[in-house]
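One structure coming up, written as structure tokens, with questions to follow.
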Amino acid sequence: MLVLENIHLELETGEKKVPILNDVNLEFEAGKMYALTGPNGSGKSSVARVAMGIYRQTKGRVLFDGEEISELGISERARKGIGYGFQHPPRFKGMPVKDMLELAMKYSDNVNCQVLRDIGLCPDEYLERTLDNSLSGGEIKRIEIATLLAQNPRVRIFDEPEAGIDLWSFEQLINVIGSSHREDTTTVVISHQEKILNMVDEIILVEDGTVSMRGSREEIWPRIKESAECSCRYSCQLGGEIYADCPR
Amino acid sequence: MLVLENIHLELETGEKKVPILNDVNLEFEAGKMYALTGPNGSGKSSVARVAMGIYRQTKGRVLFDGEEISELGISERARKGIGYGFQHPPRFKGMPVKDMLELAMKYSDNVNCQVLRDIGLCPDEYLERTLDNSLSGGEIKRIEIATLLAQNPRVRIFDEPEAGIDLWSFEQLINVIGSSHREDTTTVVISHQEKILNMVDEIILVEDGTVSMRGSREEIWPRIKESAECSCRYSCQLGGEIYADCPR
Amino acid sequence: MLTALDKKLLEEIADLHGEPPGAFNIRKDGKGIERRSLEGIEITPKKDQPGIDVVVNEGKEGTIHIPVILTETELSDLVYNHIDIGPGADITLVAGCGIHNPGSGKAQHDGVHEIYVRKGARLIYTEKHFAEGESSGKKVLNPKTVLVIEEGGYAELELVQIRGVDQTTRVTEAEVQAGGRLVMYERLLTGGEQSANSDVVVNLMGEESTARIVSRSVAQGNSKQSFNPRLLAHGPGRGHVECDSIIMDQATVRSVPEIWAENAEAELVHEAAIGKIAGEQLIKLMALGLTEEEAEEAIISGFLK
Amino acid sequence: MLTALDKKLLEEIADLHGEPPGAFNIRKDGKGIERRSLEGIEITPKKDQPGIDVVVNEGKEGTIHIPVILTETELSDLVYNHIDIGPGADITLVAGCGIHNPGSGKAQHDGVHEIYVRKGARLIYTEKHFAEGESSGKKVLNPKTVLVIEEGGYAELELVQIRGVDQTTRVTEAEVQAGGRLVMYERLLTGGEQSANSDVVVNLMGEESTARIVSRSVAQGNSKQSFNPRLLAHGPGRGHVECDSIIMDQATVRSVPEIWAENAEAELVHEAAIGKIAGEQLIKLMALGLTEEEAEEAIISGFLK
């Protein structure tokens, strides 16, 4: 369904170009679920942003249903059926959740409903709330996922959907991503979460801007377990003199 | 160790007095761990705030080590060994985490160290951070727990320590509360979390401002399971006409 | 009699379809043309100067419409309205001015509203400004609102001007007494060569008096906007001012707020931001299939909602 | 020669123990008393007026101390300093004024610092004010800083006045050219009958010029504070002003900021808050065993850090 072919990406930061992706080749099939995992900064979100047209690759091609879409803009790709749930969704002053959901359904053929309820938010409470700072990071994130569910595109890319999500909602998140996946849908989840890696058909490990491994949970998990944990616990020492003669 | 005897509490909101607690009787023993659970607004935090001296009971007595402390202020109770980790800790502009931890150890006999590391925060990264809006709600909350761990009082009351805490940190939270509990310490955790209810010696159910049940996890859990889940999932319907002819 | 044009203007500024419900006074081209008082809500023309007196009796509930429309060019209309909302009354008052300037002369409306919200009364006040005209004639609107909220009173002001008005200086002065509450929403959109100034001063006089001012504006084209909201706490009052502007094209926006606390129990907060539409906002909406123009439109209309 | 009192003042305002490292100029009671230039950092007395010229050569790194102390009563000292930080230089400059007024007359120091941060240069500038005196003599300090940051330059200003100064009007004017960055921290604590005014104006001139102003103050006793920070973007610059005041006792605080965007790519934000210490903050620290007074002290000293 969605193919990334020989993708290279450089981004400008200040005055110099920084290489982000290096020869990424990926094929996502209909009906399958994928997890993109790997260390922070390895390029997972950039892969998604290239697919969505937010970043334009320096080299390579993007194909959708066999047709090259490399030159299409974000809006056009969205209307063809590619959808992306932001890792850090922007806030919108004055815009109610209801309006955002309506916008999500505007150009979509198979809109979903009850999306707020699916993600554990009470519609009566949230439909009229505005997407500004009055909502917590976790609420904004859940509404972002609900927006992608409402849009219900054929390719659904969730970018770290678990970030900022509390314990209760995480179970619902897993359930709703799984239960809303269909035969003609490709679901891609960027995640470090073991439970998410457990539910997909294939895990793609991204390291240093390229795909270093593809495979099953059994093959990949041992390789990423360590990087998925907080490295701080092993490397940091307590600073400051006041702790000098502490017992531990 | 800590006894609440026949506690009644009324609080003034605007011009009228609202009854909050009604004849609460509780005994907390050294070496034991307790969970205070019950619906939101039932009075769990108020029980803790009466123990700490933040709220002054309208009727009843508070005893610590057999001595009545009803008339003592917050600071004096803290110096005797009662500690309280806030549900919603305030932020402090310009105050580094390090200073807060030092203040926590100032009047404490058995200070703890490595508390940031225990709660999964890298000290090198966090000791100099200021307790203002630059920290997320979850970070502020973890630092609040670290502060109580640093103070290491004989009575430790954690007020919904899991709120705003992400998945990774929750495991650490459970571990650190358990492993820092000692023979001469009383640990009280206000929580809805099943995992926390599983680790304590006794569960206290607070409903409508009074203790409605005390007992083991097996006795209490069935009674609170329902209220602990999001009631919204069962009671809410989607609003707004745009959803009217949705398939589900 | 109201012409079709009059009716269109009234619909724009006061959401009126046909004759207003409740009490009303319609002023057209400098003259009161229709008026209805009700028991407990009396509207009378001023004797010494242009304008009306609106007196609402104690405890009365109801709706009042007092729109002004201008349909002539080279007309300068000045009006003084005195509005007295009696103790414990609960009133929705819809003011506003619509200008259709058919010619190349200037059409100007200057309105002074003096409003008393007596003890424990509640007022929802809406004032919308709208102007149109095929030709080059300037449309000028200078509203001034002087508001006194007595003890325990509540007033909510919604002041809206979306496009069409070439030049405006809006002055809002409020005194909030003990326990009184003021909420004010301002929405402004200017474009072309338009200019808009808004001067607001709120005096928090007593215990527990509060004010919340939310101002949102969009400046497009070559337009110029300037804001000067002032919030003074003479006693232990609490106030929050929030000014947000989206700036586009060659427009300029200036914001000079003031907070002044003369009491240690006062709490005053001011926040202001001027900036363009964030790139991530546009991208987010485009990823839902909207074009860049549609995305911009959706963001602005939400922002000014 | 420096007396023990002089040394104490120097320690307060410039953290100096004995002779400063690097280049320095010490001014006492209206006269330069000690001075050291270094290669590439030249300090020369002005010929036509009181004050010094400090010239730092291109690419030079180092530390410069130019403290001023006043130890006499009934003395009014006025000084003009011209400071030129050459292209690519990296300098830490410690200014500041300490007053010990032994009598009942007025002791006043008015200093004008004109500072050029040339292309790509970097300046850390600290100015501390301190005053003391057993008797009733007024201590007045009026510093004025005029700053030009050329392309790609960086300046960090730390302006501190904690207690002691009876009256101050501080003026800071900055022009930030393309790619230049200004960071300014202001810390003020007043008490008793003291008064402090701070007027800041920052002009963001070009592409990618940025400014961040953080002002924190505590007003105690009967003191009066007034702030007037202005941030103007003439091009696509970005700026953030943050003013926070804790108000106590019978003090008053007034804040009149201004943000003015003349370019649609500009992003300006202002936040101001005046309020007392939050009850929950006090309770939190008391729950750690601090008394209410200790808690208040800890909160204030953190706030002004």
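Order of writing sets the labels: A, B, C and D. Residues in every chain begin at 1.
Rule of thumb we're sticking to: a residue touches a chain if its C-beta (ideal position, glycine included) is under 8 Å from a C-beta of that chain, and two chains touch if they have at least 3 such contacts.
Remember, predicted model here, so these are calculated numbers, not experimental data.
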| item | value |
| --- | --- |
| Where chain C and chain D are represented by their mean Cα positions, the distance between them in whole Å | 42 |
| Whole-Å gap separating chain A and chain C, where each centre is the average of the chain's CA atoms | 43 |
| Chain centre separation in whole Å, for chain C relative to chain B (CA means) | 47 |
| Whole-Å gap separating chain A and chain B, where each centre is the average of the chain's CA atoms | 34 |
| Pairwise touch network: line, ring, star, complete, or other | ring |
| Pairs of chains in contact (touch as defined earlier), listed by label | A-B, A-C, B-D, C-D |
| Residue ranges of chain C touching chain A (in the complex, touch as defined) | 216, 244, 278, 280-281, 283-292, 298-299, 302-305 |
| Contact footprint of chain D on chain B as seen in their complex | 52, 54, 73-75, 78-79, 83-84, 86, 89-90, 92-96, 99, 103-104, 106-108, 130, 147, 151 |
| Chain A-touching residues of chain B, taken from the complex the two chains share | 98, 102, 105, 111-114, 116-117, 120-125, 127, 136-138, 162-168, 170, 193, 229-230, 232-233, 235-240, 242-243, 246-248 |
| Interface residues, chain D side, partner chain C - complex | 245, 247-276 |
